[in-house]
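In order of appearance the chains are A, B, C and D, and numbering begins at 1 in each one.
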C-alpha cells in the first residue's frame, strides 16, 4: 500500500498541477516540489523499515489486473529496488529545485511531465509483473521525449526523436522476448497446461525447474539476447550508446540529471532483475569465460569503460564529457555483473547507485556553470577557482568521487566490481584498469582547464554558486561521502538479495 | 452447349472488360469495361446455376438478376460522378484527373 | 587505551578539516584555522608519544567490519606495532613542526585558512595509511594522501606551472596505484581477503604457499610495489616529484620529503613477508638505480628546492634498496632519520626563499595578492636568467630552453651566496642537516642509517655472494658520494662565498621565530636520538620472509669487531645497535645476538671515505673554486647534458606517452564519428539496395548516426512508394491486376 | 440450427428495418424543414442511431444471445460477432454525425441527403457484418460501396472531392467486379451460395480431387481483391490515400474506421467460415498469402506515410498500415487472433476517430490540413494538442495507451502461431510509424512559430466530444471486459 502510494502520488501531483492556472508559476513549482517530497519521505520510510535480514520481496501488493492474460498488478521491493527507489525519490525534488529558475516557458507542462516521468520510474523499480514492468519502462519514454524536445538546447528535436526511436527499437525486441517468455510460461516437457503468467518471481522459479520450457538453454539464450538489447540501449552499452551524448547535451540540466541518474539505471536494473535472475543459463552462456561468446559480456563492459573514457578525454564540451564518462562508469557495472560473484554483483549494484548520485552532481554542476556563462566549452573557462571557491570545492569533490577516489562512494563500487571481475576475466579486468587512469586524466585535465590557471578576464564578474544550487548539491555530496566511508549502509540493504541471486546463478 | 462454352465466353468478356478499364482513355469506356466485367459475372452465375445446381434451386439466377440491378445502380452513380468531374475538370480523360497523388 | 588514542590521533586533524569544509559550504571560514589545525596536530603528537609506551613486543590489531557480502568481509582496522608507533611519532612531529613553520611562512596568503585545512586533511590521511591493518585501508589512505598532495601542489593554481605539476603528480602516482590495485586483485582472488595480519590474514596464508606459487607471488609483490614506485617517486615514475616543488615549501617539506613519499617505503616494508627473492631483487634494483639517477641529476640543478627534491628521490631509492636487500630495520631507520633532516633542509630552504620572497614582495611594491605577485616574479625570472646568464656555467644556456624549469629567482642558488651572516640560524641548522645527510660519521643520525643500509647490502652480497648485490652496493656507495657532493654544493652556493645578487642580498633577513623554532627542533633531531628505538631488538622485530630462500651462511665470530667501530659504538652509546642491525638484516631471526660480519666495518669505512671525497670535491669546486665546474662540464658535455635533461624522462613521457594517449582519444572520438556511422551507412546501403529491387533506386544522402541513416533510407523508400501513387487511376487498376496475377503465380508455385 | 423463414426473421431484423425507416424519415424531415441551416436532421439521425442501438441490444439479448440465429433462409446471421460489429459501427456513425455537425466544409443545403446516406451506409455495413451468403455479401458490399462513392464526392464544386469520388468508384467497381467473378466460381464449384456449404463442398471436392487447387486459388485471390479493397490492403490499397485526402474529413474518418471494420467483419466471416477447413488450406495456403499481404501492407503504409505533408493523407497511410497490423490477426485462424482483431478495432475506432476529429477542428480554425498548420498548437490550443498527442502515441502503440494493448494482443497471437518474422516486421514497423506521428507532435510542440498567432478557443461541446475519444484511448487497456472478445470469435470459426 505504502509502495503504491509512493508510485502514484506523483501521478496525482500531475493531475493537480494540470488543474492549476497557468499564470501562477510559483504555485505550480511549490506543488510539484511537495508532490516530489512525499515520495521521498515514503522512500526513506521504506528504506528504514525494510527488513534487511531477508532476501524476499517486501511490501508486496498483488491484485489481478487483466485476468484474460493472468496479468497482475504485482509490486514489491527487495534490497536492490528499494535502493534505487530511494535514489529516484531523492533526485525528484532535487531536480525540481534545480529547474526552479532556469525553465522559462511552459513551467506547468514541464512540471506535469516531470511528475509523470517520476511515476514511471518509481513504478518500474517496484514492478514484479513483467507486463507491468514493461508498461512502466515505456511510460518513461514519452515524458522524456517532450522534456528533451521542448525544453532542450538548439538540436533538441533531433536529440529527442533519436532518444525516442533508439529506446523504442530496443524495447520492441524486448517485447518479443517478453511475449515469448509468456507463451512458454506454461509449457512443461513440451506440453502446455495451466495458466500462463507474467509474474517475475514465478517465472524465476519456473526457469529454474527441470524440464520447463523456460529452463531450456537455447530458449534462454535467445530470450536473454532479446531482453539484453532492450536494456543495452538504455544502459547504454557500446554499439547502442550514440543517443546518449546527444540527449545529454540537449537536455536541460534537471533532465540530464534524471537521464544519467535514473534512466541509465533502469537498463542495468533490468539486466539484474530479468536477464540474470530469470535466464541464468543465458547469462552463463555469455559469461562462462570460454571463447568469444563466453567473454562477450565482460568484453562489452571493458569496451564501455575504455571507449567511454577515451571519448570523454577527447571532448571539449563539458556536458558531453560527463555524458561519456557515464558510459565509462556503466561499463564497470556491466563488468561487475558479468563476474557473477558476490563481489562483482554487489559492486555493480553499488556502482549503479553511486553513479546515480555522482553523475547527478556532475550534471547539476555543469548546469550551474552553464546558467552563468551560457556555454559549456571547457577551454572557454579558466581560473574560476579563484573566483568561485565553493563551487570549485564541490566540483572537485564530485570529480574525485567520479574518478574513484577512495573514501568517496565512487571507489567502492568500482573496486568491488573489479575485484569480482578479476576472478573470472583476468586479462579484461586488468585492461579495464586503464579506465581508472584515463578517468583521472580527463577529470583532472578538465579541472585544470576550467578552474586552475589565471582567471579568464571574461569571467571577472561571475557570481559564486548560490544557496539554492548548494541546496541541490549538498545532499548528494553528503551521500557521496557517507557511502564512501560506510558503504555497508547501502550494501546491507541488498546483500541478502544478492546472495539469493548468486544461489540462483549457481543453481545451474 | 456445355458449361465450358459459357465459361469461356464469360472469361473473354471479363478480360475484355479489364482490358477496357486499363487502356481506354475515356471515363465512359471505362464504365463500359466495368459493365462488361459485371456481365461476365452474371453470365457465370446463370450458367453455373443452370448446370451445377438442381433445377429447382435458382439462387444462381437470382444472384445474376441482383447483379444486373446493381450494375445499373453503379452505372447511374458513375455517370453522375463523371458529370461532376466534367464540371470541375472540363475533361473526362482519367489521366487529367490526377491532382491527388503521392 | 590503544584504540581511543589512535582514534584521537586520526580524528583531531579530520575534525579540523571538516570544520573548514562545512563552514565552506556556508561560504564562511573558521577565524583561526591555522591554530585549529596546529592544535589538532599537537594533540596527535602527544597521543603518539603516549602510544609509544603502549606498544608491546607482540603487535595488536583492532578491526571492524567495513563491507560484508555473504562469505566475504572487508574489514577496517588498526595494526599497532613498534614500527607503526614510530611512524606515527615521526608523522605527527614533523607535521606539527611544519604547521608551526607555515604560520609564519604562509602569512598573508589569500587562501591562508585553506592551506591549513588541507594540511590537516593530509595528516589525517597519512596517519590513516600508517595505522591501517589491511591493504584496502592502506590503499584508501594512499589515494587520499595523493589527493592532498594534488591539492597542495596546486595550492597556487594561478601559476600554470603549479596547475600542471599537481595534475602530473596525481596522474603519475595513479599509474603506480593501478599497478598496486591489480596486485591487490591478485592477492584477493587468491586469499579472498585483503587484511594482512591475523589468522585469516594474507601473510599467514601466503606463508603456506608452496614453491609453485612463487612466480605468481613475485608478480603480485612487484605489482604492489608499483604503488610504492609511484608514491615514492622511484624510477621510472619519479618525474613528478621535482615538479611538485611548485607547491609551497612547507608542503614540500612535509609531503614530498618527510611523509607521503616515504609512505611507499613504509608500504614495501609492510609487504616484507610476501616478498620473494625475485621481487626483492627488483625492488633493490629500482631503489639502487633511483638513488644514482636522482643524485646525478641533482648535481646540476640550480633551483635550491629541486636539488633537495632530487636528493629526496635518491634517498628514497636508498630506503627501497634497504628493504630490497632485506634490511628491514635499516630501511625504516633511514626513513625516520631522513624524514627529519630532509624536512629540516626543506624548511631551511623555505626560510631562505621566504627571506628573498619578502624582499620581492617589497621590491615590486605589489598588492597583497600572493598569486599575482608570484606570477610577476616569474616574468622577472626570465629577465634574471638572461641577465646574468653568461657569467655562470654553460648550463645557463640550456637552462633557458630546459624542459619546464624556469627558476623563480628566489629559489635560484645563483642569486644567493654569503647568506650565512644574514641568516645564521637557518645556516647552522641546514648545515647540520647537510652533514647528516652526507653521512658524516658518528655524530649524525644520517650516518648511522645510511651505513646500516650499505652494510646490509654488502652483507647480503657476501652472504649470498651474488653479483647483483655487489653491483647494488657499488651503486649505493657511489650515490652516497654524490649525495655528499651536491649537498655541500648547495651549502656553499647558498651560504658561503660572495653575494651574487647584491640587491637581493641586502633585502634578505633572518626568518621570524615561528619559522626558526621548528628548524632548531629538527636540527636536534638530526643527531642520533631516534636510534634507540631502532637498535632495540626487542622493540623492533623484523618480520620473517618465508619465501626468501637464502643460502644460509655461518656467521663470523663476534671478535672480528674492529676497534674503531667498537670505540665508535661505545662512544655513542649504541653498542647494541649493530647487534640489532644483525637482527635487521638476518634472514632468520632468533632472539639472541650474533656477532658482526665484516660487511659492516667495510661498508662503514667505505662510506666515510666516499662522503669525505664528495665533500672535498664540492669544497674545491664551489668554495675554493680551484676546480671549475664548467670546464668539467665541457669535458663531459654529453654526460652533463644527460644529467641536465634529467635523463630525458619528461621529454619521453610528454613526447610519447601523453601524445599517444591524446592521439588514442582523438582516434576513438573519430571512431565514434566515422567507423560506427560507417558501419551504419553500410547497413543503410544494404537496405537501400535490397529495397531498390522492389521500390527502385533513390539518391544516396550524406548521413551521420544510425537513426538518421535508417530514417533517411526508410524515408526515401517512402518517397519511392509515393511516386507509384501517380494519381492516375488506371495505374492503380494495373497494380491491382498485377497484384492478383502475382499472388496467383506465387502460390501456384508453392 | 434451422434457418428461419423470411417472416419469422423480420423480428430479429428490427435494427436494420429501423435504419431504413429513419433514413426515410430523415429525407422527409429534410423536405419539411424550411430553414436550411437547421440541424434538426442531424439530431433526428442521432436519435435514429440511438433507437437502432437499443434495438440491436434487445434483439441480441432476447434472441441471438443463447446461440446464433440464421435469418432469411440463411442469408444473414445474428450472433455475437455481428452484434459486436453493429455496435462498433453505430458508434462510428454517431461520431461521424457529430463530426459533420461541427465540420464547416459540408454544404448545409444537402444535409438531408447526407445523413440519409450515412444511415444507408450503416445499413449496408450491418449486412456486411452479418451476411453468410454470397448474394447478401455481394449486395451489402455494393450498398456500402455505392453510398460511400457518393459521400466521398459529396462536396459540390470541389474538384478534389469529385476526383476522389471518381477514383473511388472506378477502383471500387473493378475490385468488386473482380470479386464477383471470384464469387461466381465459388458458387459454381460449391453449387450453393451459403458459406457453410461452400466450405463443406470445397473440402469434399478437393479431397476427391474433382476440382483443381488452382481454381480454388484463383477464386480465393479474386475474393481477396474485393475484400482487400475494402480494408485497403496492399496491393488493393491505392485508392485510399487519394480518396481520404479528397473526401470531406468526417467521411474520411468514417471510411477509415467504419468501412474498414465492416471490411474486416466480412473478411473474417468469409475466410474463417468459408475457407477454414484444413484440406482447403493444404490446397491453398491462404494464411501465408495473408501473412505476406499484411507484412507488405504495414510496411508500405508506414513508409509511404513518412514524407507526407498533408495530415489527412498521412493518417490515410497510417490507417493502411493499421490494416496491415489487423491482418496479422487474420492470418492465424485462432480465437486469440480474431479476438485481437476485434479488440484492436475497438481501440482503433477511438484513437483514429479522435485524431480525425482534431483534424476537423484544426481545419475549421486554422483552415489548413498541412502539418505546418499545426505549428505552435501546444500554446495556441494546449488541450487539443495534448489530446492529439495521446491519439498519435496510441496509434504508434506506446504504453500506457490503448493502442499498445491492441498491438500487444496481436503480436502475442502472431507469436503464438510461430510467425516470428511477421511479428518482427510488425514491431519494426511500429518503430517506423512513431517517426511520422512524431512529426505532427514536433510541429505542435517542438517547432517554434510566430508568436502573434492568436490562441484558438473551442466550445465546451468540442472538449466534451474530444474527451469521449480521449478517455477510452487511455482506459480501454486497463479494463478487463475488453479482453473477452476472443470468446466472441469462437462462434465464427468452424472448429
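What we mean here is this: contacts are C-beta pairs under 8 Å (C-beta built on N, C-alpha and C of every residue); 3 or more make two chains touch, one makes a residue touch a chain.
Note that the structure is predicted; figures quoted are calculated from it, not measured.
**Q** Just grab the chain with the largest centre-to-centre distance to chain D, centres being mean Cα coordinates.
**A** Chain C.
**Q** Any idea how many Å lie between the Cα centroids of chain A and chain D?
**A** Going by mean C-alpha positions, chain A sits 43 Å from chain D.
**Q** Using mean C-alpha positions as chain centres, tell me how far chain A is from chain B in Å, no decimals.
**A** So the centroids are 65 Å from each other.
**Q** So, what's the distance in Å between the C-alpha centres of chain D and chain C?
**A** For chain C versus chain D, the centre distance works out to 79 Å.
**Q** Find the geometric centre of each of chain B and chain C from their Cα atoms only, then give the gap between the two centres in Å, rounded to an integer.
**A** The mean C-alpha positions of chain B and chain C differ by 98 Å.
**Q** Two-or-more-chain contact residues of chain D, please, as numbers and ranges.
**A** Within chain D, residues 166-167, 170, 174, 178, 241-242, 435 contact more than one other chain.
**Q** Hunt down the residues of chain B that sit against at least two other chains at once, touch-wise.
**A** Correct list: 18, 21, 94, 97-102.
**Q** Quick check: what residues of chain A touch more than one other chain, meaning two or more?
**A** Chain A, residues with two or more chain partners: 161, 165.
**Q** If we use the touch criterion from the header, which chain pairs count as touching?
**A** A-C, A-D, B-C, B-D, C-D
**Q** Write out the stretch or stretches of chain C touching chain B in their complex.
**A** Residues 722-723, 725-730, 733-734, 737 of chain C touch chain B in their complex.
**Q** Spell out the residues on chain D that touch chain C in their complex, using ranges where they run on.
**A** On the chain D side, the touching residues are 166-167, 170-171, 174-175, 178, 214, 217-218, 221-222, 224-225, 229, 234-236, 238-239, 241-242, 284-285, 288-289, 293, 300, 302-307, 432, 435.
**Q** State the interface residues of chain A toward chain C in the complex, per the touch definition above.
**A** Touching chain C from chain A are residues 161-162, 165-166, 239, 242-243, 307, 310-311, 313-315, 342-343, 346, 383, 385-386, 389-390, 393, 396, 400, 405-407, 411-412, 415-416, 418-419, 422-423, 429-430, 433-434, 436-438, 440-441, 444-445, 447-448, 451-455, 464, 470, 474, 486-488, 491-492, 495, 498-499, 502.
**Q** Which of the residues in chain C come into contact with chain D in the complex?
**A** So the residues of chain C in touch with chain D come to 711, 714-715, 717-719, 721-722, 724-725, 727, 729, 731-733, 735-736, 738-740, 742-744, 747-748, 750.
**Q** Which residues of chain B touch chain D once you look at their complex with the stated criterion?
**A** Listed in rising order, the residues are 10, 14, 17-18, 21, 27, 30, 34, 37-38, 40-41, 44-45, 47-49, 52-53, 57, 59-60, 62-63, 66-67, 70, 73-74, 77-78, 80-82, 84-85, 87-89, 94, 97-102.
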